[in-house]
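Next up, some structures in structure tokens.
Each of the next two complexes has chain A plus one other chain: chain B in the first, chain C in the second.
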Partner chain A sequence: MRLALILPFCALPAFADVDRALDTHILPAQTELADTTQALADTAQADCTPQAVRPAFHIAYDAWISISHIQFGPLEDQALTLPMSFWPDPKDSTGKALARLTAARDPIVDDPDNFDDVSAAAQGFTALERMLYDPQPDADYACRLTQAIATGLARKSEAITHDWPAFADLMRSAGTDGNTRFQDEDEARRALYTALSTGLQFLHDQRLGRPLGTFDRPRPRRAEARRSERTLRHIQLQLAALETLATAMTDTDLTQTRTAFAEARQRAKTLDDPALQDVADPARRFKVEVLQQAVRAVQVAMINEIGTPLGISAGFNSLDGD
Partner chain B sequence: MTFKFTTAVGTLLCAAAPAFADKAAVLDNYADIALAKYTDSLTTGQSLLAAVNNLTENPSAEALQAAKDAWLAARVPYQQTEVYRFGNAIVDDWEGKVNAWPLDEGLIDYVDGTYGGATDENEYAVLNVVANPSFTLSGNTIDASDITPALLEGSLHEADGVESNVATGYHAVEFLLWGQDLNGHGAGAGNRPWTDYASGDACTGGNCDRRADYLTAATALLVSDLEWMVAQWQDDGDARTQLSADENAGISAILTGMGSLSYGETAGERMRLGVMLNDPEEEHSCFADNTYNDHFYNAVGIRNVYLGSYTRVDGSIVSGESLASLVAAADAGVDAEMRAKLDATILKMLDMKIAAEAGFAYDSMLERGNAAGEALIMGGVDALIDQTRSIERAVVALGGNAIEIEGSDSLDDPEAVFQ
Partner chain C sequence: MPSRRAFLAGLASASVTPTLGWSDVGNPIALSAAMTPEGQHVLVGLSVTGAITFQLPLPARGHAAAAHPHLAEAVAIARRPGTFAKVINCATGHVAQTLTAPFGHHFYGHGAFSADGALLFTTENEIATGQGRIGVWDRSAGYTRLDAFASAGIGPHEILRLPGGMLAVANGGIRTHPDTGRDKLNLDTMRPNLALFDTGGQLTDLAEGPAAEHLNSLRHISVGTNGTIACGFQWQGDPFEAPALVGLYKGNGTLIPAHINDLTLRQLDGYIGSVSAFGTHIAASAPRGGHMLTFDQSGAETGVHRAADVCGLCSTPQNSCLVTDGFGHVYTLSDADLTLRAKHPLAFDNHLVALTAA
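Coming up: the complex of A and B.
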């Protein structure tokens, strides 16, 4: 209502297409997450050995990375962001939580209805990766813990996906009477724009920035999912997902943005370093730095071609703290 | 490399609601409240230093308790200043020296065997400066025979580029007064014996003289850091000058501080993370078990900045033209919603504080399967998230008017916002 008064004085050239972002990106990607995590859980129930579970783990993790930038909505409302995937993990909360469960042979792994009470760091993809790629001296307990994590991921994904259609309706009906969550259309657009900008920030500062560290003190051990050598894959998947979101949410001219995404994609593709361990090699780390600069170029293009024409800026995000 | 553009709260450039309230007066009052809060932090910090000096000169159980009481009192005004952090670069750049957490306390002093040793992330997690007058850090030999403020801030703080190597500030002092909290999820804070500061044969924990030197140096450094920040908010201080250089950017700074402290910092890093991890060390004040007060006074600080009225530690009131009046002039509905949300957060935080003070330890609230504790903490988290949406609405209500300069900085020259 407020904006209805203001907008006529503005010459906004374009409308963000919330419907298109929901229908071509968010809802299908959520369904993919629910389906692949269910397959992961089924696989683990049938055969919990790491060799058997790894292929389904990779497929489901791909699906998560392709939607994890949508942090508003059911994921936030159910407080499932951290239980789905706990990274960065500067205090090794994942290692500690898994060690505690294992040392106690905690029977909660046999209780799927209550497994979500355990530490968030022991519940998600980051925990499952440890189970599948680190040596597990207690094979019997490791099996049950692997199954519990896989089943929990399927349940959480189903719960999020289940709630998305109703939340999508809230976004589509922004500004109508009784919709207190999205009081005008710009609030729905801002949610999408914040997801895009936060995702790019996370890519630049965390997924690339943490392992890069500084030239004098590179931090290869801080690379995300280095055990399963998925670090670079996450960067590629997130770039693709953010490009899909960017192109879906607006009809504005995205020439600069598309070029910047293409450049970043190409830089990532030619990087022959799946776990970004070359950041410690002075002769090779520049390739990672160049990729990080390419992500920055996407951030700049996004402001120029999406934020400015739509007259919106990003809202507050979870990276605003320390 | 702080990357600000997601919190640079620019919005509709073309909106043109007339201004009714005086932005300069709002900023003056905001700066006056900052000065009062940092001055209160300084005076309570000076009381803490006096109590610490008394403890190290005349160690006793009573002297240790008096120092702890002084620390707890000092936290009340300081936590209310945190709403100034994210909007004011001068505060944010300085804050890490004063209030950094969580810390790998083994850097400073002895720790329990269950603490573990060096980690993937931190080679110096058990350096123990109190016990070692000389050691190697990142390839350099450090002479720590004299423990001075300069040693703490120059060589030790964030040693090896690791943020959890916290050598200075409130939480380093907290650890030296309380010691590790080894009660897990049970009630009770750290239980450092006063004899850790005793002389001669009565000394426990070893190196009591060096521990006393560390505590004194860290507290004195805290006081001098607070003196510096008070100066920044005086009439010709840099923080005040920067704030008033551009009225619209200044108003934006107020809202950025409120939103970032509400959402990313207090709701996210400090409150939800602990519940999610069931980890009693994920407590802002994990040694003193004062975490519920940290959260509560954060919320109080956010609210009093919006309403433009701060009650000082001596009971006097600093108040004046408020952001609330500015928002109300632009959109009375948003102002009413904002006030209601801020009040709701205070009430949720009070539920948590009241339960904690009645004996329900914050550690216990974090325990796995403790539904009542989780509900108390998540009640505060949800209220903070909810008020953040209203802060965003306040940004929009003032958008294109109060905030346009901040907005156009980032929109006209996107490269600038990454610097």
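Coming up: the complex of A and C.
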């Protein structure tokens, strides 16, 4: 369900601190992604068995989930969003793409310079999870495919991280002559706010909403990263990352937002269900619903305390279309 | 220069609605509904540079407007399931008249004038049956209700006058009932289409998408100078399974899907807000996904831009596309570039209505 709020939009009293969001959140998190995916690639090269790769996989996946809400910038410009992680995937594109490569024993896995030509669904963390947690009948090919995905993730992450400082300069110089990317000073703030609001909506509608389905038709198999039991972890990591972004991008009073984040954090912490498989149990499902409601409360607080003071909360068309 | 017939039509109705031409209200190229920071709903005229040529209060939030082809007169139509439409003199701001949907009907939010400006057509729901109807109103007789004909589908939304005077109707396919608000009552069986009519209301062509994509609700349409009709869809299924949300109609009962790259398509929430055929290209706005898209005549993507809460689109006489958003920005769009032109203390509403007569 979409937030049915029509809010008045005001003049611009507050300045979103674009510098602070870049320097304390985006740039360090991007470097973390590059470092951890390189460690993942090195690990897989040394020993490609699932048992050996899993610890580095978890650390690198954590880093990705902690920055994946920043969808604008180099990630988007290099068209790497889906190659990094292909989810939601209702048509099982990942399973099909991996099965095709494996059935053909496609030698492209031995060609790191061209591995990005394969289906985006076979390139990212969602694909690597399958390799590490699903049975692999062809161990030799699975090893090479695991290495190819891990190496590809490191290369992609490095390419994105490499371009971020220059992109950050464009955000810092929004509205100056010749800056066609951010044509007025609000645009950089709006990009950050969009990342925040889109991230919260993705958390509510997809990461929580997809497995919840409806009471009559819960969809536990739609839970993200259920094979590696990372579903709840992704929710917690994204909450933490979005809270960091929210507190960095504004100087306005965030009492309501902080309280709402704390409540959501607490609800997630007490949820003893890492892959959200209890959504199909009528007696336990409500705990996930309560967490989803807590995320909704964060969305409302964020609109009131960040969006409205920035004058960028209207959603006049997106909330009331036809 | 107004045609003789329009001039006579204007004279005939002068006693009811003394109306000047669009040049008398600053030569706007488009109309848009908007909301001021105080929450007042207004109707504005926009110039090609994004400047506001006039701003008039509206009694309530409308959806779209139908602009008279020659005279500074617009009919602002209620959001569905509203039953009123306001005839507005854009020179004075005076609400010249209020049209009320016939008993048992409600409006769907869009309307179009005939080429000579004598007739107004409105998309309507015949509530008891759920069948779409096109209401015909006689402007020259003080907007009396003249007739109605079947829209050839359920849930007709945008209606368009084509070059040559024919009409095109986007039948969204979704049945709603005022008793249940905007609840969708027939998703299992919905079958949207694009219906073409001659000036007498006779159906001349009907184009449907593939049966497997019957959840793709056609809502908005726009015609280019070459007669191609751009189609904007709203997918009623899982947004991560959405098919093409933009299509082209070039005749023969066929909708040609445009190509949207996978990543962008997944970000659109299955929702296109407006389309515009401009110059040799087609624009589509995605307010929920925060994207502006452009396509060439084959449906190949030529531009993808992030633009939050963007929605209103219309072609300009310079063959570019005027774009508005909920933050008060006015942009112009070419085949590849989106350029900021102006910012106003307004939230522009869903639709821009071009005043360049077809």
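What we mean here is this: the second predicted complex is superposed on the first by the 300 of 322 C-alpha atoms of A that agree within 3 Å, B and C clash if a C-alpha of one lies under 4 Å from a C-alpha of the other, contacts with A are read in each partner's own complex, and residues count from 1 in each chain.
We adopt the following convention: a residue touches a chain if its C-beta (ideal position, glycine included) is under 8 Å from a C-beta of that chain, and two chains touch if they have at least 3 such contacts.
Note that this is a predicted model, so its numbers are computed, not measured.
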**Message:** With both complexes superposed on chain A, which partner does A:Q78 reach: first (chain B), second (chain C), both or neither?
**Reply:** neither
**Request:** In the three-chain superposition, say which chain, chain B or chain C, touches more residues of chain A.
**Result:** B
**Request:** Name the contact category of A:I312: first (chain B only), second (chain C only), both, or neither.
**Result:** both
**Message:** So in the superposed three-chain picture, is A:N179 touching just chain B, just chain C, both, or none of them (first/second/both/neither)?
**Reply:** neither
**Prompt:** For A:T24, is the partner it touches chain B (first), chain C (second), both, or none of the two (neither)?
**Reply:** neither
**Message:** Just checking: does A:T194 make contact with chain B only, chain C only, both, or neither of them? Give me first, second, both or neither.
**Reply:** both
**Asked** In the superposed arrangement, does A:Q277 touch chain B (first), chain C (second), both or neither?
**Response** neither
**Prompt:** Thinking of the overlay built on chain A, is A:Q236 touched by chain B (first), by chain C (second), by both, or by neither?
**Reply:** neither
**Complete:** The intersection of the chain A residues contacting chain B with those contacting chain C is 9-11, 76, 79, 82, 90-91, 120, 183, 186, 190, 194, 198, 311-312, 314-318, 320-322
**Item:** Residues on chain A engaged by chain B in the complex (per definition of touch)
**Value:** 2-3, 6, 9-12, 76, 79, 82-83, 90-93, 97, 114, 117-121, 181, 183, 186-187, 190, 194, 197-198, 201, 204-205, 209, 213-214, 217, 221-222, 296, 299-300, 303-304, 307-308, 311-322
**Residues of chain A that touch chain C when the two form their complex** = 8-11, 71-72, 76, 79, 81-82, 88-91, 120, 183-184, 186, 190-191, 194, 198, 311-312, 314-318, 320-322
**Fill in**
So, in the complex, the side of chain B touching chain A is made of residues 1, 3, 5-17, 86, 102, 119-121, 138, 160-161, 163-164, 259-260, 262-266, 268-270, 272-273, 276-279, 281, 331, 333-334, 368-369, 378, 381, 385, 388-389, 391-393, 396-397, 400, 407, 410-411, 414-415, 417-418
**Request:** Using the touch rule from the top, collect the residues of chain C that touch chain A in their complex.
**Result:** 35, 37, 39, 63, 79-80, 109, 157, 219, 234, 238, 240-241, 261-263, 266-267, 271, 273, 287-288, 290, 306, 308-312, 325-327, 339-340, 343, 345, 347-350
